[in-house]
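Two complexes, one shared chain (subunit A), two partners (subunit B, subunit C).
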Partner chain A sequence: MGFHIVKRDTCPLWKKAGFYVVAVLAALVIGGILLFAMGVDPFAYYSRMFTMGMVGNKIAYKAFENYLKVFVPLALTSVALSLAFKMRFWNIGGEGQFILGAIASATVALKLGPTLPNAITLILMCLAAMLAAGLYGVFVAALKARFGTNETLMTLMLNYVALYLLIFLGETKADWNFFLQEKSARPVFEDFSALASFPRIMLGKFGLNICVILTFVIGALVFVYLKYTKHGYEISVVGDSTGTAHYAGMKVNAIVLRTVFLSACLIGLAAAFKVGTAGVLSTAITEDVGWTGIIVAWLSQLNTAIIFVVSALISMLHYGSVAAAATFSKVDSSFANMLQGVILFLVLTADFFIRFRIVRSKKGGSK
Partner chain B sequence: MEMDKLGVIATFIHNIIVYNIPLLYGTVGEIVVEKSGSLNLGVEGIMAVGAIFGYIVGCYTNSLFIGIATAFALGALMGLLFAALTVSLQANQNITGLTLTTFGLGVYFFVGNAIKAVRWPIMSDYSNIKSGFADLPIPVLSDIPVIGKGLFSHNILVYLGIVIALVMWYYLNRTSPGLRLRAIGENPGSADSVGINVKRYKYLHICLGCGIMGIGGYYMGLNMSGSFNSACWINGYGWIAVALVIFANWNTAAAILGTFVFGFFNTLRVSGSSLAVAFPEPLGWLAKVPTQLYQALPFIITAIVLVVTSIRKREGSGLPAALGLNYFREER
Partner chain C sequence: MPEQYAIEMRGITKTFGSVVANNNINLNLRQGEILALLGENGSGKTTLMNMLSGIYAPDAGEIRIDGHPVTISSPEDSKRLGIGMVHQHFKLVDVFSAADNIWMGREKSGFALKSQRYSEIEEMSKKFGFDIDPRKKVRNMAVSEKQTLEIIKVLYYGAKVIILDEPTAVLTVQEIEKLFNVLRRMKEEGHSIIIITHKLNEVMEISDRVAILRKGEYITTVNTAETNEQELTEWMVGRKIDLNIDRPTVDKTRPLLEIRDLTIRNDEGAVAIDKVNFYIRGGEILGVAGIAGCGQKELCEAIAGLRPVQSGLMIHKGDNIVGLPPKAILEKGISMSFIPEDRLGMGLAPSLSITDNMILKNYADTPGPFVDRKTGRADAQRVIEELEVVTPSTETPVRRLSGGNVQKVLLGREIKAGPNVIVTAYPVRGLDINSSYAIYDILNQQKKDGVGILFVGEDLDVMLALCDKIMVLCHGKVMGVVHAHKTSKEELGLMMTGALDLTDRYEDKPAGIARDTNITEEHLNAANKEGEN
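== the complex of A and B ==
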């Protein structure tokens, strides 16, 4: 063997950032070559995609509002997932927790919305969603703590249980099913936007949904929580080594349960934001944020501040590819998923060069 | 009338097998991968990539065999990507697998829509694909009433899937390379110390397993007669396969039975109503069961299996001890 790999002790920040930038640029170049091969001008396509079709658009503010609707659930879900991932608890059940949160908040909106004032309904929607999602998540954490059940596979299974519950509610016409419109003969989800809807702050024509502000506030709180509180410190110790945590006298199981509950609660809150903005359920309510959020959290190295930047970029990729597909009919919007995959593959590669060095082995070997 | 009822049963059994053997491919492939200690959550995406390339190349060359070979090769290529990232570059397996799914579905729709914009191959136009995928009744056995048609009259991919599952069972449990592979899945450090080339074994078996998944994807495309629309041919089967691995306790032969169990619910969802019509007295209630319950059942059952086996603490469990953990030699 001519080479072997050794772990790096440290890697300067500029070098880290450099590796990641090169990885993302390389992914864009690969995508660009593909576009070029299809006879599409890559520069024109990318500029359309990254401006999300807003340039020269008379209702650009509308496009930006819609972009934020994609961004908010993704950013909040990614932040939430990063809490669990920091302890190496593989919560890949974001989809399922999001769905239960959505169902719970829709229940509140439909049942209590007609009698309660808008603001109270919204608060109750958030609380109900957080409770439902939190319990769904902590259930798995309890199984892991008690029996050592594999949480990756367990949360994965529960995603589909929740999904089919939602589809069941969406497709079953029955007297008890208040989720559907009574008048319609076909099963259609009931619209509750008139009963409960998050307020918007109007800045000229542009309406800034209050959920956007709340998401940034929660992001800042989580950042502080992880960095400057005892809980945050405990999370990082448990993540490094449960053995060390035990030795230091920490109650590892309690910390795991508490943090997973918080993680799932925030995913539920993301669902409440989504439902309270859309004003109606749908079987595709998650828009895959439970999955994409995992990738975003990882791309961001579980750093809360970076998660916001990466969520903004990934949302741009998805929203922008749909906008660009309107101009470039040859390029399907699934291009975004492919590009997202290539970006992550290359970032994972860059990650390797940050964590390890390749060293030429000396003859005879040093070991 | 009596014959008609038997016909309904025969069709029901036939459908269990025809529509669910793709699940067996996904499961057997994933078992081979997981036995090497790698948890690959990209089954859905790998099957999708195998499906789209297998179908298009198979049609254009008008050869079922080339279709199967292409699906295998593309699946293996996705496996190579997974292996390069997780084995050589030490990337997290969960993340890599999930990204493989996103990426694979992206490739599926991108390639599919690009071909559709030019000219989509219609399966019935390709005589060799159509005849190659037709049922091949096994002589004598297929003449048995009811179960003859139900069990012994199937297309070549059904037989191939069963053969692969049995061969893989033999390979994993009765040969020395199989034993070495399982040793790697349990403890790569000790396997390495007795001179097993851990990297080579992992690479080879991840590619092999993913290739098998690719064929399963191609099969699903053929089952849909290659009609390409907004729903992916794989339609969640990759995820059910991940569940079935657990249900089958990482045993490829048991996976055949597991496929029948999961397939049974799946088929009840599709043709439960025809059973209800044929047997209104004992089975009339079948028409009332919500279809979503059948869809959720594989996941509910697997969740229960997961909890029960974890309570019984690995006794007789086939779960590889080092599953999901990367092996870095210098940290041994």
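== the complex of A and C ==
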């Protein structure tokens, strides 16, 4: 007697959704036990976290604006990564591409910002960031196409090259280094928020940053691109089987280069949005969106629409934990990272139960 | 007292999801007999045997060995109970020697590799009458040697019951004869053998009894001496079926595709196709026979433009297609479909829907940036109806379909494009009788429409019946092109192993060069010039 695993044929949508909801709830329970062990009331903490400190707050609209600042780069990066992942190109280099994009757009802001009007500076910042990040990504794709290198390792290592370049720029006090404040004796990144800043559409007191709208527009475009265009079709064929793509007469290398360039470009754009909103560089400018974006893309099973929902939830987790940390000093805001990890783990478990079920072995049959 | 069986399976049921692979199967194996397990693809033969070898556990039912009920929950259990299985796809480590492949599965073999393992295994294989070099690496072995090694391996572990899963699929006629002699000898020594196959002539030749499965159900077990091929087919398929393959006579056209002095290298850089000459006319099927891996794949890929050509000419209706990109070759009306061993590797994108697979070769032809799925869906619907593809809808991913239906989708798409040359490799690989005959009908219909067909196959009986001419390859060289109605399996077998070379059979006509060729001096001169550069 024992148990064994049997593959499910189909799983109705409500059941799938049910499994995922149970997984997320279970993750919250595990987090709750941890909070309880630390002597924090889990209910109070969670309610603070999920309302992101907006309830009973006079400037709640401010909190929502800040929440969107977390959401935009994450959503756009996840959408961008899903483009490459759909082609089974494992772009783990979101971080590096984001950083290069950030450096490029900051360069434009600092060098051209003083002379050009705000709108033109912003457009140039976006283009520069897209080009820099795109080239950084396509470099790896070209190596893969030409020499068959492993893109996972290459993009991963280039993340650190980019990160240390940024740290170098942030810590080297020198005449040439226009990224730093001239007047400060300590190395501090120069603030350029006065030179270039994305405009906001005011809805009462609440200012809707134009980046939010652009992100949704790009999301919709990517959805259509992947689903209905010839390019999107080529991406899914190459992702499914390169042999078949060759056989169908597709120029596989060109498709790979094009798609990776596009993917990295959009990550660069996310960086430009971030830099153009924050108005200053920082060594933590990415806020790990290159990593978190991978998780979001997979949790959403590369579906563009679901990416937006999942990014919203994960951003809520991150921003909420920062808000909650203000009240609960015992709980560091990295609690969100832990919770995110548990959720990922349990959602994968839920995936298993969606695909398989466990049944009891029977003895017998006709004698 | 009831008869004591080597193996008794009672009421075995195994399901995968909602698919019932085995339903209430009863199977008995007598001591010292050869039992053939016969059934179409997907009838549950391999699943049933995998439960004996410990790969799957039954959902319900009982297995008895020598009258005692047993639980087999792992391959180790199976080994301990004296059951050995030779799988269809060999389970050998390529870089290990023969002896090490046997040695590594041994329990208590100690920490160090001792050199006496070579002599021990050599002695043992001599005892059973095999001739094998224990130091030879598996990757240097021919297919039949690997199979012998697999058999020695199960004997080494003291198997009393030996299961062979489609052992003859990869062998030549002569090698099959050798294998059967080995099986007969093992039977005399008291081993009980189950052999899975769907070749009826082999069943009749080797087995004592035949057990038949159909769609996961146990049908019956009969004594081989008391039955015949027609009766077995009816049990297997569930209805009467005509076993003859048609070979319609069609007026042939001038050569459509001519191959002259073609040399192609394989992925490792070795010569895979060596100065090959042949031609295909419209309205004929040219078979290509050869042991697996004799350059068939490289030849197909080169014709489709997927593999660079070292030297030589490929002339299609008077135009040289060497060096053209795959897309341009497609546009000339040359269709290539290759069914690899995993059946999905080339020609189809398995996770995409039937519709998406239909538009694979012509999606780029419509204007504008968007994919035209409407036409694709209509095409998919037509292929589904005309070729009787069993599928829930046009949007079902291809990998969810069963093998026969996958191959129908592939061929359906190729034919839909209206090609004038069809290159098809192993189109019935792994298909059951019904689906195979459906595919032969499709090919014959194309032949009647004046299409030239290159048919790379494995089953010589089928090729003899279906093809007009058969070209035999051996290590990339042509051993001759023979008329299918004038040759025999034995002759083909000898040519496949390289023992018989018929290229110079006709003195007045070099083999593989058409009298009314489209190849001109100009082509040859151009090719020579290129060779000089």
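In this section, the second predicted complex is superposed on the first by the 343 of 367 C-alpha atoms of A that agree within 3 Å, B and C clash if a C-alpha of one lies under 4 Å from a C-alpha of the other, contacts with A are read in each partner's own complex, and residues count from 1 in each chain.
The rule is simple: contacts are C-beta pairs under 8 Å (C-beta built on N, C-alpha and C of every residue); 3 or more make two chains touch, one makes a residue touch a chain.
Values in this document were obtained by computation on a predicted structure and should not be read as measured data.
In the superposition on chain A, contact of A:7 is made with both subunit B and subunit C. When the shared chain is aligned, subunit B comes close enough to touch A:172, but subunit C does not. Contact with subunit B, but none with subunit C, is seen for A:341 once the two complexes are overlaid on the shared chain.
Of the two partner chains, subunit B is the only one that A:160 touches; subunit C does not reach it. Using the contact criterion defined above for the overlaid structures, shared-chain residue A:147 touches subunit B, although it does not reach subunit C.
In the superposition on chain A, A:351 makes contact with subunit B only, not with subunit C.
Ranking subunit B and subunit C by residues of subunit A touched puts B first.
Of the two partner chains placed around the shared chain by superposition, neither subunit B nor subunit C is touched by A:111. In the superposition on chain A, the residues of subunit A contacting both subunit B and subunit C are 4, 6-7.
Those residues of subunit A whose C-beta lies close enough to touch subunit C in the complex are 4, 6-9, 228-233, 236-237, 240-241, 243-249, 359, 361-367. Interface residues of subunit B facing subunit A in the complex, by the touch rule stated above, are 39, 41, 81, 85, 89-92, 94-96, 98-110, 113-114, 117, 236, 239, 242-243, 246, 290, 292-293, 295-296, 299-300, 302-303, 306-307, 310-311, 313, 319, 324, 330.
Within the complex formed with subunit B, the subunit A residues making contact are 4-7, 38, 90, 92, 143, 147-150, 152-154, 156-161, 164-165, 167-168, 171-172, 291-292, 294-295, 298, 330, 332, 334-342, 344-345, 348-349, 351-352, 355-356.
Within the complex formed with subunit A, the subunit C residues making contact are 10-13, 15-19, 24, 57, 59-62, 304, 306, 325-327, 330, 336, 344-352, 356, 359-361, 363-364, 369-371.
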